[in-house]
Structure formats: C-alpha cells, structure tokens
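Shared between the two complexes below is subunit A, which pairs with subunit B and subunit C, respectively.
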Partner chain A sequence: MVSRTTLLVDRLATLVLVALLAAAGLAGLWWWSGREVSGSTLPGTSRTMRVADALGNTGLAWGIAAVAVVVALVALRWILAHLTRPTVSRLRLEGSGDAGRSEALAGKVLAAAADAFAATEGVRSARGSVVRDRGELVARIDATIEPEADLTHVAQRADEVSAQLHDVLGRDDLRAAVRLRVAARGRALSRVH
Partner chain B sequence: MTSETSSSTSGTRPLAAAKSPAGTGASPLVAQLIALALVGLAVVVVQHLLVQLGSVSGSSWLLTVVDAADGIDGRTPAVLAAAVVALVVAVLLLPVALKPRPRRTLALRASSGVHLRRQDLVRVVRAAIDGTDGVTDADVSVGRRRVKVVARSVATSERESELEDAVRARAERVCSAVDPTPRVDVTIRPEKG
Partner chain C sequence: MADTATLPPVAQERAPLPAPEDRGRTTIADGVVSRVASIAASEIEAVVDTRKGWTKLVRKGLPHAEATVAGETSSITVEVAATWPTPLAPLVERVRAHVSERVDTLVGVTVSRVDVTVADVVHLDTPPRRVV
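== the complex of A and B ==
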C-alpha cells in the first residue's frame, strides 16, 4: 500500500501533467487556427534551428545531462516508494519503562493471532502483520474464508482475537483491520447450519 | 493465543477499528509512468551528450527529434488532431488526480474493522442460497445498499412465494452480518422448458 505522502506526490504529478497537456493542446489549437491572440500569432511553420544550434554547444549539453541524471535518480526513487510495504517489525509493549524495553516482535505476535483466527470454523487461512496505514498503527489480519462460513460468527471471532491482541500487546493506539476474502470454491465444513 | 474453545479473558475490549480499507485510485499508475518517461528522457539527453563528446558513435536521438520537428506546417489536420488528443487526455486525467480514494469494501458488524469486498459477499450469499429446494441457479449482485438475488427455479407458481421467502430468509441471514445491513431484493424466475 502506498503511503499518503507518496500518494499526494502522485496526485500533484498527475495535475502537473494535466496542466502541461492542456497547455500543449491549447497552444496546438492556437497554432492550427493561426489566430491572433493579444497581438501575436504563432509562425505558420515551426522553426527549431535555434534549439538544434543551442544543443550543439557542449557546455549546455553537459548542463542538461546533469539535470537529467538528477531527475532520473529522483524518478527511480519515486518508483521505489511505491514498492515498499510499510510493515512494522518491532513494537513496544506497555509497561516497558525503567526496567528496560521489552519489545515484542510484532510479526510473531500477529502470526500467533492469525493462527488463532484461522482455527475458526469457516476460516481457511489467515496471515497477520503490523503496518502503518494513513497515520495509524494497524494490526492487520488477511484471511480467506469459505463461502459457507457464517459471517456473524467470523466477525465475533475477529473481535475475540482482537481483544486478545489488546491484552497481549497492551497498546491502546493499535488499531485492528481484518480483511476477508472468500474462496471461490468451498471445502466441506464440519457443521451444517 | 487461545483458539475458539476457550472463552475470552478478563473482559478486555477488542482493539478499535482501523480506517476502513481504501484503494489508491489510478494516480500511482500515472505517476509511475511519468517517472519512467523521465528516466527515458534522461537516457536520451545523456546519449546526446555522449555523441557530442564523441564517446558514442551514431547520431544524437535528441537532435533527430528536434530536426524532425522543424518546418512543420501548423495548419495541417495532424496538428489539430494532436492538439485535440492532448486536451482530451488532460480532461480524462483530471478526475484521476482529484477523486478521493475509492472505498470498495463492506464492513461487517464487529468492533475490529472487519471488511470484505462486494464480490466476496456475492459468493457467501450465493453459497447460502444454493441448495434451497427448487432453486437451480442464483444470480447475486451487491450494490450500495442493496443485494439483488435473481433465482431460477423449477417450482410451480403456487410454490413461488414460498420459495421467495425461503431464499430471502437465507440471504437476509447472511446480510444481517453486514453493517449497515443492505436491503435484500429477491426475484424468482421460472426455469424455461
């Protein structure tokens, strides 16, 4: 999932692109129509000789190449920002103070929670992780459930596991998110509703 | 972590729900394409420099493009077409930059932020309806506040309302787990032949 800052940069970049395309489109229309706008007209045929001559200057070529490389590095860093996952690996437990920090490996705690959840009737599998999402610290469980599962029961169990997580980790700022996917084909459940 | 056979401990409350899942929209895709284009542009500019310095043989791609752009008559339909395309793309991209993050999930009745997608609810409802006496096939669609079930049956018209009630009861039982509970619309269509 993309962080909010990256998403904001993405939206701004898209807006800049929209502005550039709109300007180019309008300029193109103006050029095609040959009309006079505030006392000037665009030449009938394009002339790029000046640009070509300027590019022949080695000093200028160095300059724009340097700028281009910097821009490319920023662009690559920007692409990378979309690929990282905002997982949190260590989590401070409540009650860690003068006696020293007792840090829980968040991944292990969540894996245990996911296993407990996966034992629920109707849940096929579950994975747990702790992530930062839109400024919140979230204990996330991704689970696959059978199509025959009882949603009310699954939701109740989610609350139970969440309460256990609250108990074990003791952090009130932790939020819970359980994302369910339903398998396309069911496996037989032991109980028939 | 305890499995479902033991009851929950000490009355700890479940963790509060995280913000409900949100997609990112299309702006990350647009932004990454822009980033790739910038990298491509940098390659072209650096190649121009290398040709200028004589380190690389061949002609500068940049100069080739600049020279090709020389002497284009503005009054051609191609210029008009390009300008219109630019404007159309700008208009199409504007909502991508401005639309809020899409929310495509439904919440279940729970404190811990349990969500599933519409297509997942469809599978659960369909599984609940399959196996109702007399129903040969069911088509389920989930809308904003409404679940629509069209069931095909071989029942006679006298039994139709009984069947409709049975199907509705099963669908409503599933939907009661969703918060806010969607309205259930059931239509029975007789199987032809």
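== the complex of A and C ==
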C-alpha cells in the first residue's frame, strides 16, 4: 500500500515518460520518412564529434557522475516509498485537551479486535492493523477462515466486530475493512477419546 | 524531695510551634506520585492489571505511571490496559479524573495534566476448543 503522494508522483512520472516516449517515437518516424515538416528535415547522418569532445571534458564527466548519483538517490527513495507501509501506531481519542492527551496504541486495539473475530467459529486466525490508505484511516482485519466455514455467520461477526471497533475507538473518520482468505485445506482437529 | 508545686505546667514550658512552613521543607518524590497514580488507575473498572508475579515486584506491566513534580504541581503520564470492547474515550476520562483526585487527596500535590495512553487492549474471551 502506498501513500497518496507516492501515487501522485507515480502518475506524474508515468505521464512524463509517456510524453517522452511518444515524442521520441514521432521523431523516429519523422527521421525514417525523410519528410519535410514546417520547412525542415532531419539530417540523414549524425555527427558524434561534439559528443566525443564533450565526453573528453573531465569537468563534464564529473558533472554527469554527480547527476547520476542524485538520480540513483531519487530512485532509491522512490522504491522505498513503495515498500513502506503507512501503518498508524497511535490514535488520538476524544477528550484530548489542556487536561491531558488521550490516545491508544492502534496495533493493540486492532489485535484485540482480531482476537475477538478469531474467536468466531470457522475463523482460523486473524490479525489487524490501522493504516492510512490514500488519506483515509482504515482499520483492517485480515483473517483466514476454514474451507467449510459458514460465510453468512462469518460476515455477520465481521459486521459485529467492526461495530464494536467503532464504539471502542469512537472515531467517525475510521473505516473498517475485514479481508477474508479461505485456507487451502481444512485444519486437522484434535481428537478426544 | 522537690517542690513540684513550684514547677511550671508542661504546656507553659514549651514555646508555641512555628508555622509548618517554617519548621522544615517537605519534598514529595516523583516516585511517590507515580506509585499513587498507578494504583489509582488500577482502581478503575475495565482497567486490567497485567502485572503478575515478578513483574509486580519490578513494577513492569500495566497500569504504569510516570510523574514529574515541580513544586506543588505535577504532570503525570499513565499507561493502562483495557478490556475489549470497552469504549476507550470515556474510560480514559475516568482514569484521568480518578488519578487527579487521588493524587490531590493522598499526596497533596495539584495535578496540572494527566496524559493517558491505552497501551494494551485485552480480549478476555478465549475461543472455544474445536474437537471431533
């Protein structure tokens, strides 16, 4: 999951890249056709002497190296922006003010909600976290259910736990999402003799 | 044999005591306020005491309080564990009010601020055991 800013940068970078590729493609077509556009044509041959001279300049080589380092750092930052999870660790509760701050550790609250959901018959395991997804605060519970689980009952319990979570945190701006994954095979049950 | 009738009464021997503030300085350590605040927080319903065994001896676990006393006022930070699904905002308000009142009453230090963090939420119901 990426932040809203990262998504915006991604889209702008894609737009610029598409524009550059389209311009390069059109220039290639123009050069290949040899046609005259607005009274000018592209030369049939290219001279690389000026490029070779420029590369021979030590100062320019260092300049290019510096630009390469900057580009590499930006690329690294861009990759990290896609790897980091915008997990919310603390949630401000109603009642914070001059008398003191009121807050809760989001991970602990969601862990309890996940435990409550995991106690449902047919739910094998569950874990929860609070993330900031495109500007929205989302409490997410990821659960694995048994292949033979009663989906109607599980969905009903998911609604109940989501409502409880809303009451516990008292935050109207928090959205709840429960994601279910069906286990590939049923769990071996303990046998009582 | 001494003539006791000539001795002045005991009350007349002692000079009147000076005002309490002139008799010495009373210092309340931060730890005292922290301890009172921690105990006060544990008295609230729906606050779970996670301190068991040796963690109680070394004062680990929740509730946990840290206080900073400056003169006759103090600022306190309290961390508590709550039971699921207790609404946390009202619970935190109760903890803040009770801690302020107990510290003020028992220690005589005015509490200027109580920061409360719900550092854990405990789901007490254990899932039923599945058997065949």
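Quick notes on this one:
Keep in mind that, in the parts below, the second predicted complex is superposed on the first by the 180 of 193 C-alpha atoms of A that agree within 3 Å, B and C clash if a C-alpha of one lies under 4 Å from a C-alpha of the other, contacts with A are read in each partner's own complex, and residues count from 1 in each chain.
What we mean here is this: a contact is a pair of C-beta atoms (placed from the backbone, for glycine too) under 8 Å apart; a residue touches a chain by one contact, two chains touch by 3 or more.
Here the structure is a predicted model, which means the values were calculated and not measured.
With both structures placed on the common chain, the touch criterion links A:K108 to subunit C but leaves subunit B unconnected. Among subunit B and subunit C, the chain that touches a larger number of residues in subunit A is B.
Residues 112-113, 115-116, 119, 121, 164-165, 167-168 of subunit A are contacted both by subunit B in one complex and by subunit C in the other. Looking at the complex, you find that subunit B touches subunit A at residues 1-4, 8-10, 12-19, 21-22, 24, 27-28, 30-32, 34-36, 38-39, 41-43, 45-46, 48-49, 52-53, 60, 62-63, 66-67, 69-76, 79-80, 82-87, 89-90, 93-94, 96-98, 101, 105, 108-117, 119-121, 123-124, 126-128, 174, 176-178.
Those residues of subunit A that touch subunit C in the complex are listed here as 90, 93-95, 98-105, 108-109, 111-113, 115-116, 118-119, 121, 164-165, 167-170, 189-192.
Residues of subunit C touching subunit A in their complex: 84-89, 92-93, 96, 113-123, 125-132. Those residues of subunit A that touch subunit B in the complex are listed here as 1-2, 6-7, 9-15, 17-19, 21-22, 24-29, 31-32, 34, 42-49, 51-52, 55-56, 58, 61-62, 64-65, 68-69, 71-72, 75-76, 78-79, 82, 112-113, 115-116, 119-121, 133-134, 136, 138-140, 146-152, 154-168, 174-184, 186.
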